[in-house]
Amino acid sequence: MKTNVIEQAVIADPDARLAHEIKERQRARDKRARLLKHLFLVILSFVMIYPLLWLVASSLKPENEIFGDLGLWPSSFEWSNYTEGWNALPVSFTVFYKNSAIVTVLSVIGNLLSCSFAAYAFARLRFDGRTFFFGLMMMTMMLPYHVVLIPQYVLFLELGWVDTYLPLIVPRFLAADGFFIFLMVQFFRQIPRELDEAAMIDGCSPFKIYWAVILPLSLPAMGTAAIFSLIWVWEDFLAPLIYLNDVQSYTVPLALRMFIDQEGQSAFGQMFAMSVLSLVPVLIFFVAFQKLIIRGIATSGMK
Amino acid sequence: MRKFFRRNTAGYVFLTPWLVGFFFLALGPILVSLYLSFTRYDMVSAPVWDGLGNYRYMFEYDRRFWKALEVTFTFVAFSVPLRLAAALGVAMLLDKGLRTIGVYRAIFYLPSLLGASIAIALLWREMFGLNGVINQVLAMVGITGKGWITDPDTSIYTIVVLAMWQFGSPMLIFLAGLRGIPRDLYEAAEIDGTSRFRQFRRITLPMLAPVIFFNLVLQTIEAFKTFTSAFIISNGTGAPADSLLFYTVYLFNEAFKFFRMGYASALAWVLLLIIAAFTALAFATSKYWVHYENERD
Amino acid sequence: MAGLTLRNVEKSYGALTVIKELNLDIHDGEFLVLVGPSGCGKSTLLRMIAGLEEISDGTIAIDGKVVNDLPASKRDLSMVFQSYALYPHMSVRKNLAFGLQNLSMPKAEIARRVDEAARILQIEPLMERKPRQLSGGQKQRVAIGRAIVREPGLFLFDEPLSNLDAELRVQMRVELAALYERLKTTMIYVTHDQVEAMTLASRIVVLRGGKIEQVGTPEELYTRPANLFVAGFIGSPRINMLKATVSGGQAKMADFAAFALPDLGTRDSELTICVRPEAIQLGGGEVQAEGKIRLVEYLGAERLVHIDLASGQRLLFHAQGADSHRAGESVTLGFDRADMHFFDSSEQRVEPALAEVA
Amino acid sequence: ATQSIRHFWWGNPTRDERTFKVIEMFQGSHPDIAVQGETIGWGDYWTKMATQTAGGNMADVIQMAHTYIHEYVQRGGVVPLNDYIGNGIDLSHYDAGANDIGTMGGDLYGINIGATCPSIPYNKRVFEEAGVEFDPLAWTTDDFAAACEKITSSTGGAVTGSEDMSLYMETFEIFCRQAGVDFYSEDGELTMTVEQVAAWWQMWKDLRDAGVVEGKDATVQLDKGMADLGLIRGTTATTFRWANQTGALQGLMQDPLGLAIVPQRAGLQSGHFVLPSMFLCLTRDAGDIPAALAYIDNWVNDEETIKVLGIDRGIPPSQKGRDILAPQLNETDAMVVTFFGETQSQILSTPVIGPKGSGEVRDSFMRTGTEVVLGNMSPQDAADQFIHDAEGILIRASR
Amino acid sequence: MAGLTLRNVEKSYGALTVIKELNLDIHDGEFLVLVGPSGCGKSTLLRMIAGLEEISDGTIAIDGKVVNDLPASKRDLSMVFQSYALYPHMSVRKNLAFGLQNLSMPKAEIARRVDEAARILQIEPLMERKPRQLSGGQKQRVAIGRAIVREPGLFLFDEPLSNLDAELRVQMRVELAALYERLKTTMIYVTHDQVEAMTLASRIVVLRGGKIEQVGTPEELYTRPANLFVAGFIGSPRINMLKATVSGGQAKMADFAAFALPDLGTRDSELTICVRPEAIQLGGGEVQAEGKIRLVEYLGAERLVHIDLASGQRLLFHAQGADSHRAGESVTLGFDRADMHFFDSSEQRVEPALAEVA
């Protein structure tokens, strides 16, 4: 009854009808545009996702089929690559995951904290020597790391840190990665200075400004940094390789390196299976954190 | 004096973690590597002072050093712009609209997640090999391909393609940057009758400049230092015919395969100077194209 | 040149409806001023007309063509944003020239127009600065400049002079009036400044809570406000409002003697009688009361006298020039019946029958 | 445990499992010695090893490869074991000459813990289907060429007869030795000749030109992993590998494998040899030498240990070891052991292990050879250049 | 509570000096209003006092203590920014509470103060919104709220009411006055609104080009402007300025008859004589001229009459209430000598000797 009345009103009122039609037309056009965009994205997605499909397929193939047969579809599904791969090494992957989790979580926290500290100083505070130190920081990124590997190893050895997680974690708490500092600097510089000023007027110490204004306003940057640092630490193998001796303390990427022997028996299927699994936490984290990136913060308290 | 403290305290307090890390963990090894670059050092016995020997050898005799430079410069010249363009393009595409976009973001980031794993190396050789997917596709349009990855003339470009394909991290940074551009500028531009393309050129690009600058500098640094992909794809050899002899691959082999850490250090410092020169150039020109809304001076 | 027709226009943010069923015809070449309390939807309406805000319902037509889904860039209009929205990375000159470059206008013509605008807005020495190097008022002038260099069919101004000093504001107002004279384009102008509204408008729209309260010429609004809200809103200092009870053709307001009421064509026994502060007479008037001066506000040319009546009611008296009243003084005040505005209990204006005016 | 030692090896899941089992057993019998097993894959092993060496933090006992042992010996990374042989480590049951290659300048540095020999693994199915008949222990380069031709033509080119081995310096070494020429002299001089190099490259060029070996695209990839071999992928019928890797190869394939010797050159002597696939070394940084010695001794002598280790690291260089393992070998392993045994008679001498810089010479060989494969250089010119470069490399390395 | 002393304060941006050698004493508990043309340095001065802008030269002392290098966060003041500077990531409530939380005030007290401010500013329904969901005027009120919840020793307001409608502005002005009454804290207030300046100020500072032109009570500034600039700047509508030549004790202005000049203590033969628009008398006055009405501006309570004189000079006449002049009409106008302000050729005020006033 009631809908009827509205419908009649719609038909009776030419303006309303027109508005209705326009909306429909617009919707149709939007739909077309969206469809085209989707089509493009889907094709691109396939190109992007192909290696993962290949990896997953390989992880399910019998060992002797992985390289002989280029097709994606396995002749039989070797789920055992997963079940056996998990325990194929002298130490179970449960332990590797635990190790990786410890190192990664601490590293990400350390990275975000210490790098945002330094970035805040570089981007927002004025002090003598700022440019000089910034230059030094940039320089640390330019030296190929292979040549500092050994001196650094000697240093950590002297400190008695070798074969512990300290060499992997402590540097992250000391803003060792210039990439993140520079990244955050660039984003911090975009935040309206008036907000710092307002916070100063509100009686904020520099730390409070950093904590209550700068950090929340750089969520996209912090999200990006969190994703990168998690992925990079999670996938890092050079530092664990050098500093960890005890297999019990190995991280996942190091463990993955134990499957392949150029000169002898390799377990490619299991290695691929474990590689696929090792992506899972990272992907979950990525999906969770990318929300931060897109939830941009409109700086609209400003005139 | 008090004024000095007042001016500087906050800055140095915040910088403390970095300063500690730099002076206690980074500086020492950096200086040592500088010292080593003037020595012969095989990592087993003690380093032997050699003055400028390493540098002289590098510039006067070492053909592979020049080859490595050539390979690396080619890579930088192609991969950096292409990768940035791909990243920016896709970021623009993903920036607004579409509900399912989170999925795409994840998918587009996948290749970067896979990094330079053995799987990627295998796959890349497969795709760009003689009977690879690429050639199959080309065959469909009537082009006879070749072993792209095994032809010294083209192999480097497959690595460029790999780099481009792994545009995930600059893409993510661009996305974060795009989010920071105030919407009202686009509104003003709309009102001013600006076409989409001009909005991109005159609003998006300049407003994104700090982020573009970041990506440019970082990608350039990273590109100069590219190691893993080339190393893995060429089994650490730089083959075929040294066409994948990236600077750092050469450096790594000198150090760890041929036990010449002193020479490798010298190589590293030359690379550092090259990168520093490019970075300095980028910083110097940045004041003409990078606009920081909040810089007072 | 453009006439605008708004039909049943609505705008909601989620559950919150900001503009409700709005109908309005704006004539081609009209200077329409939009006023209303803070947050009533003026900017929103402007942005909807500009095409920046999606319309939740209804239609907007420019020159008879429905433009609901025409992007802002195709609507041929220019706008001064309340928040300026200057391009932070461009110099003032580039900010001004940007819109013109989109039209692929010859360079010389662009330069001419930009220079002209700079001259009008007195920002010539600032042309090479970036917006962040400008004071608030300077920014606002650049924002105006960006709108006026183009000569579109429709101008939208959102409080364009709010941050300028009085003198400059007068000058700018005159310049805008001159611009309007010259181009005769439709202009829609949001302001909180009564003087601006009164002097510039060919018609004023009073908006409240997303609805139109009254549309009319400035004089109409001032002399015949359609309802209590408009009466209170238009006119500064604010109109005096007094409650009156009606019985037997007599009206009675607290503190005042009862007086004969003309026929108002309403049966309501509760009325509100409004009298403008300048209509108050000290020691005179047809209807009188005793009061005590609470406060004298000094405004230069005039004084605002706040008077407390015995019942606690307060009246505002707009005193001219040389006036020597002091706070604390007792006075007799009054006003004439011709100066009264009557509003019924639903706050709508009721008009005394003409014949009966004594 | 009052003593502790570290043992570092490169491995893979099976080897790691076996080795940790051995460690566990050792600790069962030696409760006072704690052994920490450390392992990682081949490629990363050397990076880590170099770093630890530089830091003075090498494991007490390490696994060594013949390609690297010289580097560590000459620089003092590993120590001579002479004093401990028969005095802590019992090697009395070892084959004669089994430790020759681990001996430099009269001192024993690396104990052979698994011998291997060059071999040509071939796809039996393909060979049979193509109707190739040959004596795997005595074929010649001409037989080889004929087999390649037959296979290639019978499969219409889908499977080529062989990988192009022109860049395999290991295979070339046998070729060289067939002519009585070793790569290096005892004092580290380059002794291989331009002629041999040219002849080698020429031989492969001919096969390439005949189209019976794999194309250049596969060839110019150097140091291919097993996964990249044509043999595994089914595009060629043979390759070169050390015999102890046969099991690993077979694991990646469906077709059965056979083993052949590197083809003889008609009228020349045999170039075949055996060498340790791995050594055990005691390092400069070893802290508790008696414990390390006990560990090493257990490794080479304990019966149960030998059983657990199997032939994963190569064939035991003692009859005792081989006897212990014989009953437990699978088909492939048995074939390998048989092959190893049957080729013993062809061994005329032990090659000299390369001096410092020999690794780089090998790289140079592959690089210069690539130019020949790509057709940019003639075999002769390339050989000239390679020898010239190699000499330079050795001079630089000896400084 | 804080008194402020500014000594030789200067501020430069590169070569550009924005504040020049400024000296000013602000008494404890004073309500000081800062006015001046757009871009004259008001905001800059405020920001310098707040400690947000480095001082290029000179000293600022609060309560006798030099604070040049005391950070803003330690100066115990609150400020309303011209650009609001609301925290975009915080709700309105959090924006208001933020400053209080820094004082580690009990939660209940914070809530009380925030609610109180919200009530005063009429933003109660908006408390959970983010700034981007507010209209311009609503944002501005939040900005005010953020300043007033705290009760610091010094308030700095930079055009705090510029984006509010007239009615709200009056209410807010009253609330600020009440706040001032209650706290008796020093307030420094920038405004372009003459009414605000006149009603709120205990003293007004007129700034031009970074220099102080005059400091005084509103009445002083209006009745005895120290120079031509102040005369022109204070008072709306603007004062009329007429050039006069002096010879032999007689002054002569174009269009007017010569008249006897009191002794002004200056030898200048060129004077400027200023007369406020409300002092103009139609058909009366001691000094008279003929003119023609060019334009009548309708302002509700009054009218602004623009009159052209024969020489081309233009005068503004502020007509009260019921006035029926029409454009085009010819009129005689005049004014009294007592209403004249005299300025010498260097634009400084000259005062007629008292005895000689007729």
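All chains are identified by letter, namely A, B, C, D and E, in their written order; residue positions are counted from 1 within each chain.
Going forward, a residue touches a chain if its C-beta (ideal position, glycine included) is under 8 Å from a C-beta of that chain, and two chains touch if they have at least 3 such contacts.
Since the model is a prediction, treat every value here as computed from it, not as a measurement.
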**Item:** Innermost chain by mean C-alpha position
**Value:** A
**Item:** Of all other chains, the one whose Cα centre sits farthest from chain E
**Value:** D
**Item:** A-D compared against B-D, more contacting pairs
**Value:** A-D
**Request:** Please work out the Cα centroid separation of chain C and chain E, and write it as a whole number of Å.
**Result:** 22
**Message:** I'd like to verify one number: the distance from the centre of chain C to the centre of chain D, where each centre is the average of its C-alpha atoms, in whole angstrom.
**Reply:** 93
**Asked** Between chain B and chain C, what is the separation of their C-alpha centroids in Å?
**Response** 58
**Prompt:** Where in chain D do residues touch two or more other chains at once?
**Reply:** 43, 47, 50-51, 54, 223, 225, 227-228
**Prompt:** What residues in chain A touch two or more of the other chains?
**Reply:** 150, 192, 260, 297-300, 302-303
**Item:** Contacts with 2+ other chains: residues of chain B
**Value:** 7, 43, 182, 184, 255-256, 261, 293-294
**Message:** Touching residues of chain D toward chain A in the complex: what are they?
**Reply:** 6, 8, 10-17, 20, 36-44, 47-48, 50-52, 54-57, 59, 223, 225-228, 232-234, 242, 244-245, 247-248, 251-254, 277, 312
**Complete:** The answer for chain B against chain A in the complex is residues 4, 7-8, 10-22, 24-26, 28-30, 32-33, 36, 43, 90, 93, 97-98, 100-102, 104-115, 117-120, 123, 126, 165, 169, 172-173, 175-180, 182-184, 210-211, 213-214, 217-218, 221, 224-225, 227, 247-248, 251-252, 255-256, 261, 264-265, 267-269, 271-272, 275-276, 279, 292-296
**Complete:** Seen from chain B, its contact residues with chain D in the complex are 40, 42-45, 122, 125, 129-130, 146-147, 150-152, 234-237, 239-242, 253, 255-259, 261
**Request:** Please give the residue numbers of chain E that touch chain A in the complex, ascending.
**Result:** 47, 50-52, 71-73, 76-79, 81-89, 95, 98-99, 102-103, 131-132, 136, 139, 146, 150
**Message:** Which residues of chain A touch chain B once you look at their complex with the stated criterion?
**Reply:** 34, 37-38, 40-41, 44-45, 47-49, 51-52, 54-55, 58, 70, 113-114, 117-118, 120-122, 125-128, 130, 133, 136-144, 146-148, 150-152, 155, 170-171, 173-176, 179, 181-183, 186-187, 189-193, 206, 210, 220-221, 223-224, 227-228, 231, 235, 260, 271-272, 275, 279, 282-283, 286-287, 290-291, 293-300
